[in-house]
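Think of it as A, B, C, D, E and F in the order they're written, each chain with its own count starting at 1.
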Amino acid sequence: MTRPTDQDLIDFVIRETRLIDQHRFEEWLDLFADDGIYWMPLEWGQTDPRLTASLMYEDKLLLKIRVERLKGNRTFSQKPKSRCHHLLQTPQIEKRDESANQYVTWTPMHYVETRLDRQDIFAAWATHTLAVIDGGLKIKLKRVDVVNCDAAFGNIQLFM
Amino acid sequence: MTRPTDQDLIDFVIRETRLIDQHRFEEWLDLFADDGIYWMPLEWGQTDPRLTASLMYEDKLLLKIRVERLKGNRTFSQKPKSRCHHLLQTPQIEKRDESANQYVTWTPMHYVETRLDRQDIFAAWATHTLAVIDGGLKIKLKRVDVVNCDAAFGNIQLFM
Amino acid sequence: MTRPTDQDLIDFVIRETRLIDQHRFEEWLDLFADDGIYWMPLEWGQTDPRLTASLMYEDKLLLKIRVERLKGNRTFSQKPKSRCHHLLQTPQIEKRDESANQYVTWTPMHYVETRLDRQDIFAAWATHTLAVIDGGLKIKLKRVDVVNCDAAFGNIQLFM
Amino acid sequence: MARYRGDVEAVKALVRETEVHRDVYIDEEVFALEMEHVFGNTWVYVGHDSQVADPGDYFGTTIGTQPVLMVRHSDGTVKVLHNRCPHKGTRITTETYGNTGKFFRCPYHAWSFKTDGSLLAIPLREGYDNTGLEQSHAARGMSAVRHVHNYRGFVFAKLNDTGPGFDEFFGESLSSFDNLIDRSPVGKLEVAGGVLRYMHDCNWKMLVENQTDTCHPMIAHASSAGTAIDVWKNAPPGAKKPMAVEIFAPFMSSYEFFEKMGIKVWPNGHGYTGVHHSIHSDYSAIPGYFEKMVEAYGEERAKAILGENRHNTVYFPNLMIKGPIQLIRVFKPLAADKTLVESWTFRLVGAPDVLLERTLVYNRLINAPTSVVGHDDLEMYERAHEGLHVDANQWVNIQRLYDPSEGPDATAVTNGTTEWQMRNQFRAWSKFMTMSM
Amino acid sequence: MARYRGDVEAVKALVRETEVHRDVYIDEEVFALEMEHVFGNTWVYVGHDSQVADPGDYFGTTIGTQPVLMVRHSDGTVKVLHNRCPHKGTRITTETYGNTGKFFRCPYHAWSFKTDGSLLAIPLREGYDNTGLEQSHAARGMSAVRHVHNYRGFVFAKLNDTGPGFDEFFGESLSSFDNLIDRSPVGKLEVAGGVLRYMHDCNWKMLVENQTDTCHPMIAHASSAGTAIDVWKNAPPGAKKPMAVEIFAPFMSSYEFFEKMGIKVWPNGHGYTGVHHSIHSDYSAIPGYFEKMVEAYGEERAKAILGENRHNTVYFPNLMIKGPIQLIRVFKPLAADKTLVESWTFRLVGAPDVLLERTLVYNRLINAPTSVVGHDDLEMYERAHEGLHVDANQWVNIQRLYDPSEGPDATAVTNGTTEWQMRNQFRAWSKFMTMSM
Amino acid sequence: MARYRGDVEAVKALVRETEVHRDVYIDEEVFALEMEHVFGNTWVYVGHDSQVADPGDYFGTTIGTQPVLMVRHSDGTVKVLHNRCPHKGTRITTETYGNTGKFFRCPYHAWSFKTDGSLLAIPLREGYDNTGLEQSHAARGMSAVRHVHNYRGFVFAKLNDTGPGFDEFFGESLSSFDNLIDRSPVGKLEVAGGVLRYMHDCNWKMLVENQTDTCHPMIAHASSAGTAIDVWKNAPPGAKKPMAVEIFAPFMSSYEFFEKMGIKVWPNGHGYTGVHHSIHSDYSAIPGYFEKMVEAYGEERAKAILGENRHNTVYFPNLMIKGPIQLIRVFKPLAADKTLVESWTFRLVGAPDVLLERTLVYNRLINAPTSVVGHDDLEMYERAHEGLHVDANQWVNIQRLYDPSEGPDATAVTNGTTEWQMRNQFRAWSKFMTMSM
């Protein structure tokens, strides 16, 4: 693929979250470009990831550590395991810049994380910045803005 | 209709849940094939409905009993009545096998059930196995996997 | 635009809720026709807005008062401010009557309102009655039916 | 630990002439005692008899935290029964409204009860022969509340045998009810329009006090009423002022307006604002209504009735009524920090529909969980409920225009900005709280 | 305030011959005392040893509100350990099932414990030299429950040293277990199919009482079982009656049916319904099963085993078992107003799969949070829990077929509609509640 | 029932030399007493004065469970006021930050207060003439906390008049603050980057103890730090080690490393880990920073400052600071089983931005609700909070390297794996808990 259709972009985002819900984390990690970033701001409308705190601002190495940890036999916070569920409003194409090889989608979503008898629900907007690399779409940046990003949260252990 | 379009399948699933929310249960029941099944597994990724417990595994007779009961004058757990609300991610076509007359859709959804001042929310994935019968789509199997299927629940009285 | 496409109608509804979530309330207000109404019934399946109580039944003047109030420096119930989040099932076209210049959409949705560490979630159905005015779509009536419309609620300060 | 139960002195010490201790608002034990004493020894509003028009009609509600059923008995009188089966305690019905026919039937084992609560039948009754059932609590059926009074359609009940009789308890304060009812050309009201239910995370008394708190509107409601006025300023010249603006605007009246409005206090904690005029005084006339009133009452009396513009009349412990706009608010205590506010509206039988329409506009704009005025107030209550947890100052001040000579159970008219009515309520609170301790 | 702790008389006064005070159901202090005494002085069901088949296998559960681990020790015996590290209190494992190998290892600082709970090792052990660790509570490791009994696979534990021995506590009531187990041609059960977990906002005892409440099905379950019968009426003639209808229909049996069914009471609060017949009597035969039973036991004994159709056997305090359908229900107390019902199913080793299939159908239709029969019952419990807050009548009636001569700890068979078994439970409740006060 | 209030002996009995009773963690009455005594008699961290740079700037927070405002008064000093209006108790502001100008104005009735809390004005003031307002609690305005101390920007307050003075309370423990502050070439800090708020369903003291618990990282954090090391192993040779790995890796240091690191205890429950070295020792140098420090302090002093690598310094009751990485954590008690952890970061004024960047990376990786290290720890706390409900062993062990001669309020440096600092905290807890009983 060189010029993804809008439907390609939508399908990609849906598949991305579905892989998380299915705990197929390695495959999910492969969706990121080598310099891909997962960003969950702490601040409403945050612009600076460097000198302002974030909930997450992780490169592929850090994401890989998470994925490996989730499999680990001594990961006690995952004994028993958490599960999660994404519900997406149909992703909207915010930007198509083929010359710059940049495609941006905007997706309102709910994220449910559950473990034992506890269930937490989060409302957020996901913004995906994608690029075509080696003929396939990859994530350059996945930004997740939680509506109450600055609220006091308990554990959030999987991926929104 | 002999060969439903993808949109036909999507519309069918949306209509199916809408009928529930509108308490049009007889019409809803008519969407099931005579040998149709409604399955709500108890186990994460459950494969066997027979020797493993399920929350629901009901044929049309059992579903009919529920529908009749909901109308009953001595159904005290429905005095006052519950209401429910489905919110669907756009159903995705998982499989189209026209030769086998089998069409499968996958639909992440939230289900809210409310009664008096109580409201419960459930996150689930619905998998519909459909077939064209007498020129119309019918449900052979509706499978609802709740993300925390094995959690302790209070009453779930209507249909996800 | 004289004859909106179905996609136009869908995009309009999505944009309408997005403006609310972005706190762009003046722009949002502009989406209403001069005689536009925002209606949130109190009663399940309510038909009469006049001699039956509603949660909201507001013309543009009243909506304007709300919008101005939200900006006010002495609006203490908004110190700090609330935030909100809409999650929509893809709007469905209920009616297209070009001769009458009336277009109706139906949209299941979740609405989250949050302030400080509190988060409330509401499940509702939005019904938009739209018309083309001066070449653009405008809201004649936005009706929001909350699934538990008659439940006891705390503050609902923004717009569903 | 028990710090108040059975300790009359400790309870009395909570209320001073001009200050009230915060435990009155935030202590769960005090709340439990309120339910037993304050809501047991006083006449508490249950409902309106138009809600149970026909024999067998019932309405489910609560007195304090006690679930009860108001039911129209076969003899046409209105009974108030505890909503509880004497067998295993099962709530007989959970629905707010219904018609039970000639008897109630428990859904668990089908014991049945007449609409006055008395035990009618038990399946396999012989299973109780010679068991002494007659001496059991169960034999009494659904316990009926013994003290019930229907005042021109408004039904009150007193749970305990202690406490004053109906007339002694209300005295001349009933005049506010009379004015509300007389506004119907046929002297009859009907509950209409539906009830707004608004949950408050604060103590119920904060709401009751707020009803006669005339120093807060111009401050706390500047955001809503003030904005309404500002927005209306930009209306095209000559545009007819909408009901909504007519309703919002007076909230921004001056201190002088509220001072002159006057407050009247009555014994047992009752009282009202708006003796001389009120925020309801200047509503525009409803075409055809006055004529109907003159027809019914003659001009002089009709003028007198409509000339009364009482703002908020508070009936101790938890009711407020607004004659000129035909609505009442019930402040239902759920816990020390939880209160459900129910706002009910009435149709004046024989009057134009437009009156009910205006009543509903008022209710929606002022009393709904989606009401901006409601947001203003609830923010204050919840902040107060939080603030009362501060240990450094444990007292609430109710001193404005205090006069050492005012004394308990007085009848008096005074400056509209006084906190006397709050003091009046707390004196009554002290009295009924300790009466049966 | 403490109204019951340490006051034996006050606790005794809660239970009368034919009435029980509502505090027994809704008072949190009474609940706390139940956890210490009723669930401390009696033999409480922990689990089935097929859940921990191999050494190191564990099953996490609770006794009352105490988290415990049932574990297969290296010597093959089943141990019950408190799920708590002696160092900082960390729960050792949160998973329901697992195999821990030769020892448990705490995830916080890696102290380790043998599968009998004894302390095995501490990293940097020398850090405790000459600190007197031996005299500390920590030295005891994971506290093991001292009184554990494995009855033919069913594991019970008693937390306190007070209270009767296993045989004295159960006596001949074990016959219901025997009948359940003997239904396997090889006399062996296995937990199978998974557990249904159903949350109830009511007191745990309401559920226990309901197990022998034979006057409610035809009323409370008319909506589900009654409807099932009606719907089946329209089935095409000659259609084979499905399992589901076979299961639903008997709930609508007549009063006479239930009267004749008979109830048996045993000492210490145990008892069962269905002495002569039960709702399980007329299930159709499973092909090949009877043959296997005859093979194993001989015809006469096989018939005797299968002829027993005990309906619900209640084991005080919180277990119910159903031999003919091979399931048990555990009523787990979480709070005065919160109860988790676990419904467990068993495979009869050596019997056809179809039996397990039927057991699962039964469990799904009757005991799931999605079960219409469950909805009928829970509605009653929650209504009762609400209704018990009515102060005007604070007593629950358990008087049906009461006979002053029946006395405590009797063994007797009587009319199937009696509430004797409920009285029997409350007499036991009183006894074990006050035994160690 | 009250088991501890007013019973000094019972409270003292909760803490033994080497064991602590579980009620200290899970009992709500003990928690309430902690709020009155432990958080009343000690100097509790309120905030940093860079949060209120200009006159009228305020910062809203809590001391224990008491809502307060830290405000910059017109005279430039920092005041701490109770966030509560003396009229009806309304919280004056709910926003965390703001500038109130010359005075606070209550949103309910517009009473106003100077930024030192004193009553400034009341609308219609004459309404209080001759009412004795002067003698009322209200006349005091917003109650100001009398004991406030600003130590080089860090603001502490003591709510009660009992308890030691600031210098006596902290003594030489302030050296950790000095080292943190001196790391700025200009000796000045600024709160920067935003605060991470992490909710914990456990008792606040579990977190405080964990700060000097050096035997848990290699076990509890093997899942996160251990995995980080493993993953990094596969990095291409010569790849520059990222900050993240530099931060994670030391958590997996050996017992020996932690033993040698050393722990120092101070009187009144203060102490720190990392006397000789710490997990922060080997961070790579930030270009340009050392030069700036030499410029400011001269080489020797600069080396001395940066040579200090104290790990966690605990200030009793609920503060922890990390000099080398410029962050502090406040463990805010909300209930016996609820604790809000706030992790604040600082900019070293005059130092390169990269230091703040690293501080934020650290905070994000270790202290966020999304942090894997945080997940490891919270899992332990919540399991412990559960486990402590086990009745069979009601004691927590704090015995490691206990020496009967260590005594209370000692100053000493000892083995880095000791639990002495935990004992030190509990001795202080006992002292301040009973000081004003």
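Operating definition for what follows: a residue touches a chain if its C-beta (ideal position, glycine included) is under 8 Å from a C-beta of that chain, and two chains touch if they have at least 3 such contacts.
The shown structure was predicted, so the numbers you read here are calculated from the model rather than taken from an experiment.
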Checklist entry - Which chains are in contact with both subunit C and subunit E? => result A, B, D, F
Checklist entry - Taking all residue numbers at the subunit D to subunit E contact, is the shared part over half or under half, that is, same or different? => result different
Checklist entry - Of all the other chains, whose mean CA position lies farthest from subunit E? => result C
Checklist entry - When the CA atoms of subunit B are placed over those of subunit C, what is the turn angle between 0 and 180 degrees, to the nearest 5? => result 120
Checklist entry - Once you find the CA centre of subunit A and the CA centre of subunit D, what distance in Å lies between them? => result 52
Checklist entry - Using mean CA coordinates as chain centres, what's the subunit E-subunit F distance in Å? => result 47
Checklist entry - For subunit A and subunit F, what's the span in angstrom between their mean Cα positions? => result 33
Next on the checklist: From the mean C-alpha coordinate of subunit A to that of subunit B, what's the distance rounded to whole Å?
Outcome noted: 29
Checklist entry - Could you say which residues in subunit F touch two or more other chains, in rising order? => result 1, 94, 107, 220, 379-380
Checklist entry - Where does subunit C touch two or more other chains at once, residue-wise? => result 74, 76, 87, 89-90, 110, 116, 121, 151-152
Checklist entry - What are the touching chain pairs in this one? => result A-B, A-C, A-E, A-F, B-C, B-D, B-E, C-D, C-F, D-E, D-F, E-F
Checklist entry - Any idea which subunit B residues touch subunit D in the complex? => result 74, 76, 79-80, 116
Checklist outcome for this item: So, in the complex, the side of subunit F touching subunit D is made of residues 1-2, 5, 29, 36, 65-67, 82-92, 94, 107-110, 123-124, 127-128, 131-133, 136-138, 140, 143, 145, 159
Item to check | In the complex, subunit C residues that touch subunit A | outcome: 14, 21, 83-90, 110, 112, 114, 116-117, 119, 121
Item to check | In the complex, subunit D residues that touch subunit B | outcome: 93-96, 107
Checklist entry - In their shared complex, at which residues does subunit D touch subunit C? => result 192-201, 220, 222-224, 226-228, 230-232, 235, 242, 244-245, 248, 340, 345, 353, 356-357, 360, 363-365, 368-370, 372, 374-376, 378-380
